[in-house]
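As structure tokens, here come the structures.
Both complexes below contain subunit A, partnered by subunit B and then by subunit C.
And now, the complex of A and B:
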């Protein structure tokens, strides 16, 4: 290897972009970390000098380079992302290795590894040299394959399991097109130069082909110029594009592994989540408002973009969401977008809590087990009756906390951003629970169950009735037979994805019915469309979502569709002819 | 004989004081408000209505008549539980109607609803 040049003006566009992006990133990371609360900064500091940093490094490798979570969703999509990210990473690493091996005195020139083949030439072919050339060409081929797939994805995204993709804005487009241009231009530049500097199967091969009909010598510098301009433009466009996810996701992974969680404000961690969104659009297909009600533009990816750019009606966008958590489940970056939306909703609390003075004085209920049916159960009284039968059969000393209708748990208000008003209900209900001396609170509605667990600080355990029934059966307090019915279980959002209760209902159902599998269960469970998380969705749109979910769930024609949420039951009952029952009702049937 | 209810006092609507502005704004924000037939299913199922004479049907009537003086404070009694939406035979998005009524009758609107 021999050095031909040390500098050429064509490195300037690259260097301009490179210096700019380094300054921007350093400033960005400093300001992001300064935004974190003091305790989080301490956690971050501690985690950097602990084993956690290795966990983070591994996760960064697996997610940012290999894109494991995307692979799990769709292999082609994962391959596309991996080819570009990992291929590019290899090009950078191998480029630096080349510089260290052949001209260690140039390691302080950031542009040297990028334009290595222009500055260096192969004088005698060695095994080491040809191996590196081969690896570099292989990495380049990998990236080019990824870009080819990305181009094809623009035409036919279904090949990669995506029905809909994100509609990009100008900044994203500029950055994306320049990123796509970088690698073919690199191939051209290296091919034209391959007669002088040498190359491997790809660059030398293309070089020979080009030689047969153009003068490679004359095209060398224009091609390197183009390559440098494309790289520089990409770096300049990066801050206004989705490609900020590359550095932001790495930071997010480090913070998450340090034990830092999203808070009740979007500053700090939330902001880093915003920048970590790559606008890949996986959440668009996951969202049932988009899949069933054609509200593609109301999906999380667009909300995230509006929030990051602070444009458009962000509050309206935050409200147009069922808060079912399907997008959070699908997100390959692990962004808790429901939390981001809730924080936007919270900012506009406007009910004056004094209006709840009408609440009756707390009457003391003394009991062992307190049962909170919830508003929605009062609307579907069959569930409450079934639970009372089960309590009676098990011989439990129980009392209803909301006999004939009680005070709402507060979650619907909370989801509407009225946290101060919700606090009044939390206080009132807590009062009733504490005065009862109960050892256990059982809730029938997952909406209530979630808020009891998360926002009430209760000294007693809270169970959803599916968990309680499982416990009763295990204890032998209730004996059940088999109904002989075939059943599909629908995971209510607030019980499954949002609270992590997946197994108890299945354990119970397996004993009393023939539980059938569906492809929409556990984390992939569907939303019935009835969610109290969304106040703006029209009745018609809700019906579309409910019908679509019902259709997907009952493809195998089960005798009954079983759910564990009164709201899901009511919503599905109105969406079709399928018999829908709550798990408590099925258990009562099996007890007879 | 006591039937548990009686004839309402007759009332007259003062057209000088009544304004259709709020009804128009609520209708524009939540068009399903228009199809209310005042059947009262919402009040029959209302969680708040069990404790206090809170009544969405009455709010609807007051807004449509333009008698909106007491409507704002009244709307805040709602717990937003959403039973009325599920029960409404006309498929009205009652929660959004309530939020809209509350908002457009506010002395100084706090929320920018378009």
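And now, the complex of A and C:
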């Protein structure tokens, strides 16, 4: 191979875009890292010189290039993302190898590998050259296939398992269309040039076809110009588009593997999460407000865009969420969008500490096991009664912490952004728990269970009653028979996805009933629609979500639908389609 | 051969069938329960004058039997319906098929299942009962007692259980529960004059002619205590009493009262499988589950489907006089439809001819008996 030129003006649009994006990214990364708290920066520094960096590299390869998580969700969708990302990556890598092999003195010119075939000409067909050209053409074909699929996805997203896809705004559209244009233009440019530079099955093949009816010579420079302009425009549009996810996700993976988590503010890590969102729209279908109540525009992807662009009523968008965590579970990037929303929900506008003067003076309870029923269990007394029966049968020395009503666990206030008010509740309840000398706190409501675990710093273990019942049965403290009923178990969001308690309820249910499988369990569990995380949804919308969830869960016609959350039970009972029981009630039946 | 099929032998179905028979039509009434009379037959006494409910239905059935043109099929439901031109082919659950010119839906309502309002403890606490349970206690003739067999010293009536409640998806008012609660509260006071009786209400909807008098009597004569406030929850104490928590919204105070018995005024919902029947007969169902008439004012007994009529509580909660008036109006609508509305001339003439003969027969029978 021999060098033909070293420069042509058509590299200018590309170079302008390239220099701009490099400066933008360097500045962005520096400011993002500066936003991190000091301890996190230390963690990051340590992780870079440890084994963790290899873990990150592997994860970047698997997620940013191969898109493993998307593959798991839908193969076609995964293939589309992989074709574009991995194909493009191969083009870049192979391009640099070509330069190093055939023109090592030009390694320092950033545009040289991009426009390699314009600057070089073939002198003899070396075996090495044909192999590289073949690989380059194969990579280009891969990207083009991905872009073809992406085009088709805009017309019919169901092929990729997506009911809805994201409605994009101007910045995204410009970047997307230019990105789609880059690779067909490259194919054209390389095909027209293939008479001089050589090429493989794709570029040379197309070149021969074009030769038969156009003058390839005349079209060479216009095609390279168009290719360069498309690339340059893409880079210029990148900061205002979703394609910032490409660099941001890599940074996010490194930070996450360094042990950095979202905090009580969205600065730093949260901001990087925002930029890592590719607006793929997978969360739209995962969201039940969208799937059942047609609130597509209230889904996480749109919230993320509003927050990143700082436009619209961000707080209202943050509040229109069930906080069920289904979008977090589905997100291929692993963005904790619930935390981002929680951080936006801050207000102390209505409640003030003064309003909690009516708190009863703390009465000292002394016991071994403290049972916190929670307000929702007070509204579903069947569960509380069942728990009392189980405690009694096991002969446990227990006391109810909130017999006469008690104090709220604080989570509903927390979720609505009233953190100061919640702190008052947490303090009062902590006093009662500490004074009791109890060895264990049992909660019936997953909403309370989660806050006891996460926001209270208790010296004693906290258990949800499913875990406690499992323990009692294992210990032989209660003996159960089999009810003979067939049952489907509904994972409450705050117990399952948001606290990771999946197995204890299943262990218990397998002993007392015939547990049936559903396709909506564990991480894929559904929200009942009654969530205290959303105070904006109307009754009608909640009903739609509840009914939809009930239909999905009871397709196999179980005798009972079992849950482990008083709020889920109450919401499902309100929809009035199926009898719903708490696991404690089923266990009581099995004890008789 | 029948002319009209009536679905439901509650008071609406019986009244409409009686009226249609008097007009000369052959009527078949299909009733899912083993007996006619519907909810009213299971009630003890009716507001406002506490007349005997069983007496009312017995009298109505007697009136119906006099015409001898009505056949009641108890324990039967409609399995399938097919339109055949101007007529309907109906298959019943007992396997027989009939052809009729018009169908009247009079499926009424079902009582709200109070267990769905779990915070009130029905089915969990021993001494939480529904208005229907209390009415049965009255009907049994024995004194009203708690689960342990003691006479209650304090009784609370909880209004709007399953009515006007978004949380159980029932926005509608069930119309009869306020008056029923006041009636039952007075009856308890009559039985136990020294008992304390509370009514927890949101609004007292005493809309009909004699209701205000009942309400006044309840306060002045019987000393029933009315508290404006919705219950938040109920809890059971160790001795089996029920502690109810509510806010007295007129006083602006939280209340916590222990009572020996709490009576839930269960509201009305569209009867079981109303939606299925509606789908078979192509009648539209409202968001609240009740059937939609063709026009609320002018065609309140018609539906959008020709030849299908509605009467009684299947189109929304109604009192007994309202239901009966509605049933009579439905009979007139059906008569008009068959005589004038039938499009097939031959069929129309055949029916009209038959009715003319029938009417003459009734008239001659009457004149003979007068002689």
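Quick note on the criterion: the second predicted complex is superposed on the first by the 587 of 592 C-alpha atoms of A that agree within 3 Å, B and C clash if a C-alpha of one lies under 4 Å from a C-alpha of the other, contacts with A are read in each partner's own complex, and residues count from 1 in each chain.
What we mean here is this: a residue touches a chain if its C-beta (ideal position, glycine included) is under 8 Å from a C-beta of that chain, and two chains touch if they have at least 3 such contacts.
Because the structure is predicted, anything quoted here is derived from the model rather than measured.
After alignment on the shared subunit A, the placement of subunit B and subunit C results in a clash.
When the two structures are aligned on the shared chain, A:418 is found in touch with subunit B, with no touch to subunit C. In the superposition on chain A, A:539 contacts both subunit B and subunit C. Residue contacts after overlaying the shared chain place A:570 against subunit B and subunit C alike. Contact comparison for subunit A: of subunit B and subunit C, B touches the greater number of residues. Contacts of A:381 after superposition: subunit C is touched, whereas subunit B is not reached.
Overlaid on A, the two complexes show subunit B and subunit C touching the same residues of subunit A, namely 378-379, 405, 539, 570. Listed in rising order, the residues of subunit B touching subunit A in the complex are 32, 45, 47-48, 50-52, 54, 73, 76-77, 79-83, 85-87, 91-93, 95-96, 99, 102-103, 106, 110-114.
Across the complex, subunit A meets subunit B through its residues 313, 315-316, 348, 350-352, 355-356, 358-360, 375-376, 378-379, 404-408, 410, 412-413, 416, 418, 421, 425, 530, 532, 535-540, 567, 570-571.
Subunit A contributes residues 378-382, 385, 405, 539, 543, 569-570, 573-576 to its touches with subunit C in the complex.
The touching residues of subunit C, counted against subunit A in their complex, run 113, 115-116, 118-119, 121, 123-125, 166-169, 233-236, 245.
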